[in-house]
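Please go over the structures that come below.
One chain, chain A, appears in both complexes that follow, with chain B as partner in the first and chain C in the second.
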Partner chain A sequence: MANENKSVWTSISFWRRSAGWVTGFATILLIWLTFDTLGQIRMGTDEELKEAVAQQKEINRVPAPTVINYHINYKMDEKRGHEVPVIGKKELFFGKEWNPQEAAELLHLGKLTSQAKNCMNCHTLLGNGAYYAPDLTKAWLDKAWQKGGPLQAMTGKNTVEEAMAEFLQHPSQYPTHARMMPDLGITADEAKGLVAFLKHMSSIDTNGFPRNFSKTVEQFKTGGTNAH
Partner chain B sequence: MLFEQFTDVVPSFFGWLNQGPMTLTLFLHTLIILPMIWIYYDEKKKLEGKK
Partner chain C sequence: MLTSIKTNQFEGSESKKLAMMYFRVAIILFGAQLLMGLIAAIQFVYPGFLFEIFDFSVARMVHINALVVWMLYAMIGSVYLMLPDETGIETVGIGLGKLAFWVLTAAVTVVVLVYILIQVGPGTESTIWLINEGREYLEAPRWADIGIVVVVLIFYWNVFATYMKGRKTGIMTVMVADLMALAGLYLAGMFFTDNISMDQFWWWWVIHLWVEATWEVFVGALAAYALIKIINAKREIVEMWLWIEVLMLFGSGILGLGHHYFWIGTPEYWWEIGALFSALEPVPLVAMFVHVLYDWGKEQGIAKAKGEAGAVVKNGPAMAWIVTNAFGNFLGAGIWGFFHTLPQVNIYTHGTQFTAAHGHLAFFGAYATILIGMMYLGIQEAYGIKQLRATFKSKMAIFLITFGVLGMTVALTIAGYEQVLVERAELGAGWNAFFAAQDLPWYVQAQAWRLIMGVITFVGFIYLVWDLLTIGKVEQAEEAMVATA
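Up next is the complex of A and B:
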């Protein structure tokens, strides 16, 4: 034939083999990444948490549910270039210390409630959800909920957990910002669970997400959002 | 800097690879493109062989 095709670019087998290689490589890469992520997001045990607190260093990215028995703070890590949660001394949560089973059950109730009430419809949790309402990933560390903060003062309670639980049960009674939270019929037990869920979430090392979370309160006060 | 000291909490191959903004992208593209170059020349050889 005079017009014989000799170009590799128009050869079907070249594209077939290339597509096979790229698809195969991507498949293996995704499976590898899945297992790599599983190791990263594994929840730690109570023993690992005690060890981490005693040695003042982080072992797991996601601590055990019993982390609700500890004071959680954050600090700017210059080396990593972002804020990291710090698990400090023991503190009572709703007036008691929770054993591993109780803590796990409370956290589970909180997670189920957050799903049933569809928090993500407005809020963001660990990067998932909406930016209509404040990002809740580090809500526990929000200065406005601490002693002397405007949100705690507004509920008339003396601890962060009681103030948050009170607000969650009657959100539409409290003026927060322009986008007020509606009453979702959250019960007292569910509110406790949700607060435990939020406290645990704040202790997760999220590689600095949301960026500069200590500043988000001021941002919302001035009418801004996290959407940037 | 392309390579910086690993500061992540949980050690991971991908975490190490992703310390800079371009490192992961460059690595994965290199890994995908290099075999395609080999496939190209292999196919070229086959086509020329048929002639």
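Up next is the complex of A and C:
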């Protein structure tokens, strides 16, 4: 062209090249971070889980499916400044201990069922999904499902897993609100799988989400939450 | 250089006819999206509505799927509309393009019917292959995923081959590169894993890198094309702006992906990366807004200096929608996104109606608006109208839809704010905390207002369809009358 650009700031080729470099750099950085993250969020193995529990070591961010054989808690970590999952002693799950293969198969069934029944279009999982029904990230740890909690009591069962499985199979028999969960034809096996999926999800290190989990509504309603 | 754009005759362009076919299906799916949204909104207020017949999960699934699919239809239509203008030649594979259109439309029909009639399946692989995949936005069963990939490959080949054969403008260069990324990213959402963290990690590669990166660049390219078309903006300036927008959109949007990796099991470093880059995401949206208004003012000023009377805008309704896009993109994606993008805020807002508020205004402001504008551009050409002016119906449509969506956004923001304070901050997000917050008057009232605003949006939509069906004939007749007078 006869009239060359006087300034680089109005030069199309300058901006085109800059756009290319910036996009390329961002993409490369994203790919590099992705490799690092994929390593950190891969599902752990049973050996890693056993070792971490025995030595009170830091655990995989996503533990092995056999985590369903352990008691899970969610406690404030002073150093990190938020709650983190704590894997405790062994406990039975549906009355038995699940070997690695059985646990993996159960989790597989549960994850598949969670997609087949479209859970995510009412609930949120890890905070993602729809906002029509409660978040399920730490549902396994919800006080309402524990012994003495209203949700466990309503099903007439004695353990968290049995109460949840009963609810999932006949949700509209146990209304907790005018907004009810519909009957999705969940079988007994699928319900077990779903509960394993929920228990496993509660053991994932979510950087403290949700925060301040499961303070009771009773504490809220009586006012002055900490006034005893 | 621009003569081919000015003299292009619609009758001679099969590509533009194909564009109109895509627009027609897009508008039908847009209607389906709004109807499903109304059902879901009613269920928030009256939970017994269609319970165990057509549950919220089904209505919501069709609501968001119809949204994505109508936008993809309108995007493909927009590309077929601009291809002959930009490349200066007819699209290479029209026959194949038409075949792909019918295959896609048949597939979409089957998928929607299965969603509505079968809804859920047993917890087996076959459900994921045949009924639905149960992953928000990517519910389409696997067979349809594969079909979509094939159709998109045909579409992409068409665009690429036409681009290679014809003139290579800056706008088309951006478009061709962007569409490749857009199509390729879909593959990241096509696998099953038992690991929910891994699942969501890749899920966001599709959702975020579509909506907050490749789709935004797509809109930038569309706006550039439309500004040349509607107000005769100078190509050199428009294309320079486009490259700056690409730089800023990809520069912030690609790593902005980090703001979805705060709480899904991914490491803490995403807090800083996500916060920094997503906080920059509104910057290009401001730039796009400034750019559109600046060019408009400049071209009008030049016309005035030349002593020309009247508006430089050659398509009133399209320009109105594009200006709404510039503002809505900044407000919905930029401001409403920034509201809750920092991890310190997001730990409380994540998974509340805050997200829904942002989603409504952003999808509307950033995408629905400009795609509707493109439909008006198509109609103008289809009827060979020199200057398409807005009718009463065009004005009612844009006013009611924009007002309705803004109203829904405000209502949902209030609902989200209450949820954040009561359910999240005070009660800590358990089952009972959720319902305690859902029952408080602030929340209930907000949901009622959302429903009312949804109805207003729907009335606006009826005006829009009515206008799109009639404006061409009306304006054509008027122009003929002026010409003979």
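One rule holds for everything that comes next: the second predicted complex is superposed on the first by the 208 of 228 C-alpha atoms of A that agree within 3 Å, B and C clash if a C-alpha of one lies under 4 Å from a C-alpha of the other, contacts with A are read in each partner's own complex, and residues count from 1 in each chain.
In this text, a contact is a pair of C-beta atoms (placed from the backbone, for glycine too) under 8 Å apart; a residue touches a chain by one contact, two chains touch by 3 or more.
No experiment lies behind these values; they were computed from the predicted model shown.
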Looking at A:173 after the superposition, I want to know if it touches chain B, chain C, both of them or none. Which is it: first, second, both, neither?
neither
In the overlaid three-chain picture, which partner chain does A:79 touch, first (chain B) or second (chain C), both, or neither?
first
Would you check which partner chain A:33 touches, where first means chain B only, second means chain C only, and both and neither mean what they say?
both
On chain A, which partner's contacts cover more residues, chain B's or chain C's?
C
Just checking: does A:108 make contact with chain B only, chain C only, both, or neither of them? Give me first, second, both or neither.
second
Which superposed partner A:22 touches (first chain B, second chain C, both, neither):
both
Should A:99 be classified as contacting the first partner (chain B), the second (chain C), both, or neither?
neither
Using the superposition on chain A described above, determine whether A:205 touches chain B (first), chain C (second), both, or neither.
both
Please write out, lowest number first, the residues of chain A touched by both chain B and chain C across the two complexes.
11, 18, 22, 29, 33, 36, 40, 61, 205, 207
Can you list the chain A residues touching chain C in their complex?
10-12, 15-16, 18-19, 22-23, 26-27, 29-30, 33, 36-38, 40-43, 61-62, 65, 104, 107-122, 124-135, 137-139, 142-145, 150-151, 172, 176-180, 182-185, 187, 190, 193, 197, 200-201, 204-217, 220-221, 225
Across the complex, what residues on chain A touch chain B?
4, 6, 8, 11, 13-14, 17-18, 21-22, 25, 29, 33, 36, 39-40, 58, 60-61, 77, 79-80, 205, 207
Within the complex, chain A is touched by chain B residues 5, 7-10, 12-15, 28, 31-32, 35-36, 39-40, 43-44, 46-48, 51
Give every residue of chain C touching chain A within the complex, in rising order.
40, 43-44, 47-48, 51-52, 55-58, 60-61, 119-125, 127-128, 131-136, 139, 170, 192-201, 203, 236, 239-240, 243-244, 246-247, 250-251, 254-255, 257, 261-271, 273, 347-348, 350-353, 355-356, 419, 424-436, 438-439
